[in-house]
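What follows is chain A paired twice: with chain B in the first complex and chain C in the second.
Take a look at the complex of A and B:
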């Protein structure tokens, strides 16, 4: 898929969100007593690194018209396996996490594609099971990671603003964007998300693509969990629902449609960067947590209401009634 | 998202009628029968499982999740998939219920139910009239409810302002009051779904929203009413949960959202809507409570109990899907 033109919501939404949050970020000194430092940018990118891969994982399944609720379960499992299998050497932990993520993704993708089950209930069940598995592996306790060298390495500042962790995350976004722009997978992914039957008729191997998307989603979420564990030097068996909610908000801000068939990894990148900037603003301006929650709620609420099909058709009807010459099709 | 709210996929291959279908159904039935037999054997060989005291324990632990799951059943049957805002709604209503105790038990209960109806009803109206995506809308709502509850309470824990709530913890005949309430409400919901015009239109809207609209059914209003009723049922859960804990904060709901969804799905109600029943949800809640109970008696950790809950939901979802697809083709 080509990076879309700026008129379309999949590009205009993330760009608008990003521009607004950047302006708010730059103006921080005007409404608080704190001056901006390079550390604030570094910190924003650290927040981005924490949730970026989760957003990418969820966003890819949403483009394909599915919804992978299990990403947070895989995220938790990946983080826990990284700590528990990687005490000797970090590579073993990482391998275990990525392997588990791929296995979870293949299993879910296989069930969803072959049996044609809606992805919501399947991934919800997997989410519950994975949280249970993670908790069983750790005995319900937070596990610490003894390898301090790795912990220091992933978060060391690179070029003032970056860390290896945020660079890896950025690199994966770039890789996903390149793969989906340059190969036919991007087009096919949007085709099956928009209209699965038409995609199948057009010769897309729908089943394989869905299995592949869920496998990618599993690997990306597990890697996100791994990087987080390396960074924190510990793994928490229950990350709560907050990461899922924030990732969904970021994906929607990134121009992905709830109906599927729309979106691009670069848009997702814009969405999660906007969310990370917002989180940093909230932290710097010392706004209470609940205010930022209300802000996210308002944002998501607006997106979902604008996206609501019946409201849309009612508005179109209204408009056609007012201006009879207007053709309703062109306004969508 | 089409997968969550849309009618069954139209790209399902056309199955040959006759032998192959019935064979598939036979296999599914055999698998189910074996699973049930294995569960019974496992249960009976578990020490202290088949006792009256344990049966009471299972029912009590199923009752709170069960009442909320009955509300969710209405939402799911009507084709609005699930609400992900159950826990925060229950927490907020629980806090209101306890802080209104100084007015007495009945006014506090009435206020709680009213607030529950309001909180969930607003979401239902948006889903019903605008066809907004229920999953994302309720994600937003969960943020909003938690945010407002934290802001209003200052993040502190609410203590009861009177002692009336303790009557909800009564155990008439040695069984918790919430169990009687669960069974009574399940029968009422079941009757409403099967015997009233509202119930029948809800099934049709869940099965095919466009057809229901074309048939002239009040799609928006029926959906909104289903959510209102769900809000009332969430409020009943909230009152019992708050009374049991004797205090309430924004974390009162705990994992209730996913427990309720698990109960609905484990009962065999498909998430796409148009099918299912209150009694199925009741069975699902008891099934999960019984499975957790067996694992607890056998000394498994909390993690293993959650894991098994997830696997049960997954297996039931797959089996129900295969059966409905089989009989539909």
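Take a look at the complex of A and C:
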């Protein structure tokens, strides 16, 4: 799958969203008293690092025509395991988190592919179960992480704007983009998302691909949780629904279609960067939280309308109406 | 091409049951290298199940499949593909959200794990040119292509898989004659390289013209495998049905000055599709729009049914104007429409036959908005009898029926309703076998005899000549001619494929 041309929504949506938010970001000094500093860019990337992997995980399952609601549950569990299993050495915590993420993903993918259950109920159940499990592990309390060196390391500035955490996240986006562009998985993922029966008949290993996608989604979400725990020096058993909503919004802004079969990791990157910029603008301009929520709602509304098949056909109709008829008139 | 080589593909005693239904029992036949072998039969005769077993979509209960002498266990599509079986499925199996090139590479074993779109370019280009898609760009999204072109892309994909056995399950059902010719040529070229080809088709003409031998199935068993040289359309039909099919007597005798016109359409236009279409229809007669894919015949029917928002023109039912682009208004005026796509625009596949038949006549089977059991079963019994369906199966889901019986349910939904004045049918016997087709023709003729006006579109000469009282030919969006009386098949075919004017006339 090569990066799509800019005329198609999977490219035009994230580019438009990113351009708009960058303009708004650069213009911050004109509508507030604060000047922009390199720290604002660093901070934007930190917000990106917090939610990027969730967006990537959710986005990949959406391209395959599924919807992994459990990403936030895996995110919470990953974060908690990182803290509780990693008190001796950070690597043990990370391994536990990634292993759990992979197990959750394999289990869900297996259920969805083999038993042909829709992903919504399966992943909703997993989401609730994982939150419960995380609470049970922690006794419902926020757990602190004693290893301060790791906490300091993941967030130290690198090249002024970056941190190891945001670089890892960016690297995973790049890796996902490379894998989906350079291998057959890219087109096969979109094939099963666009028309699963046709994909199966054409010879795509649909079941394996679904299991693999959910496993990738689980590992990415768990890693997102781990990185967050390292950064905060603590793990919260209930991250709330906000991360899921933001990740879904970012995925849609990133050009993924709810119907499946469309999207690219680079588009997802554009979507989540736009969301992170917006969050930073809200923070710098000290705009109340509800303004950003309303703004997001408006943005999503616009996307849905632009994406609507009826609007598209109406535009096509308008265009064809304006064009003169090709057929010579004949009488019977 | 003759079947001189030894058998490359051999199927022995293939058996498959679904629950208590024996779909296929003891099917045996062989295909030689370089042979184009046709598989024919009634809907429900077991052709599709045989194709599914050969292509790895179903596992046989018993029996053996051999290719090149090796007995194969084809338990998945991937295994079948690796064993050298390529398939053009009965249903369109290309993905609209991918580009043409991506569709051609989908499932291709030689494509490898790396995406080599650039390197594969010339090969893919040649595949497209081969099936007459020289004008299609490799990186065009498939969604920009028409249905016929998409079908050709799927055929190109199968041709490019370098298989030992190539299965084409009704590949030309949605194609025009010109497009079909490309497919025939490409299939002949593949056969000439020593591969075996299994060609499933309802078009008996093309079976006799293209294939070397024909295996006919009936009720899950193989009736016979015969060389085409010894067959005619009639003898093939006898093999398929076990008896000569009942042919309807044409009723061209009814004069044009019958009762007043029910439906009057004038100046109907759909930008880019239909230009200035006019027609007047009288009750009790069957009218046909004869036109290939892209002739506008389908769009005319959809526009009259109110399903084309961009349509302009005047439509009147019994003198009352019906606004174009408003399906509810059209329904209220007494226009019923049967789409050519029963799966996505017609039947509720997972619901019982009874639901599907009665869905359009709820006021007739309810009392105070609640379904009245007695009226329901009375109406159902009458309809099931009318459509010639098995009453015992009326609680089964429509999905469990064969294609022909599904279509009967779909057509039956518009019948026996007092509120329907005009019945529009877009290609009503698409993908339906000879027996099912005859049954649907009887249904439509009966409906007309009861005073309904029937207007259908078709590309099948036999159907046009058998069923229609009046045939209107269309070509590239305009009406070519209206034939009120007898007309010769070749005349219709010429008008459908070439329009009215000869090249010399056009130059003038």
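In this text, the second predicted complex is superposed on the first by the 304 of 332 C-alpha atoms of A that agree within 3 Å, B and C clash if a C-alpha of one lies under 4 Å from a C-alpha of the other, contacts with A are read in each partner's own complex, and residues count from 1 in each chain.
To be clear about the criterion, a residue touches a chain if its C-beta (ideal position, glycine included) is under 8 Å from a C-beta of that chain, and two chains touch if they have at least 3 such contacts.
No experiment lies behind these values; they were computed from the predicted model shown.
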(message) Looking at A:188, would you say it contacts chain B, chain C, both, or neither? Reply first, second, both or neither.
(response) second
(request) Check whether chain B or chain C contacts more residues of chain A in the superposed model. (result) B
(message) Looking at A:304, would you say it contacts chain B, chain C, both, or neither? Reply first, second, both or neither.
(response) first
(request) Considering only touches as defined above, state whether A:200 meets chain B (first), chain C (second), both or neither. (result) both
(request) For A:136, decide between first (touching chain B), second (touching chain C), both and neither. (result) first
(request) State whether A:54 touches chain B only (first), chain C only (second), both chains, or neither. (result) neither
(message) One more residue to check, A:124. First (chain B), second (chain C), both or neither?
(response) first
(message) For A:258 in the superposed arrangement: first (chain B), second (chain C), both or neither?
(response) first
(message) Please report the chain A residues shared by its interface with chain B and its interface with chain C.
(response) 197, 200
(request) Could you pull out which chain A residues touch chain C in their complex? (result) 1-2, 8, 181-184, 186-188, 190-191, 193-195, 197-205, 261-262, 317, 320-321, 323, 325-330, 332
(request) In the complex, go through chain A and note every residue touching chain B. (result) 62, 65-67, 111, 115-122, 124-140, 196-197, 200, 206, 237, 241, 245, 248-249, 252, 258-260, 288-291, 293-294, 296-301, 303-305, 307-311, 314
(request) Note which residues of chain C are touching chain A in the complex, please. (result) 57, 77-78, 81, 87, 89, 91-98, 102-103, 105-109, 111-115, 117, 141, 157, 269, 271-272, 275-276, 278, 309-310, 476-479, 481-482, 500
(request) Mind listing the chain B positions that touch chain A in their complex? (result) 1-4, 9-12, 81-82, 84, 126, 129-133, 135-137, 139-144, 146-148, 150-151, 155, 220, 257-258, 261-262, 265, 270-272, 301-311, 313-314, 317-318, 321-322, 325
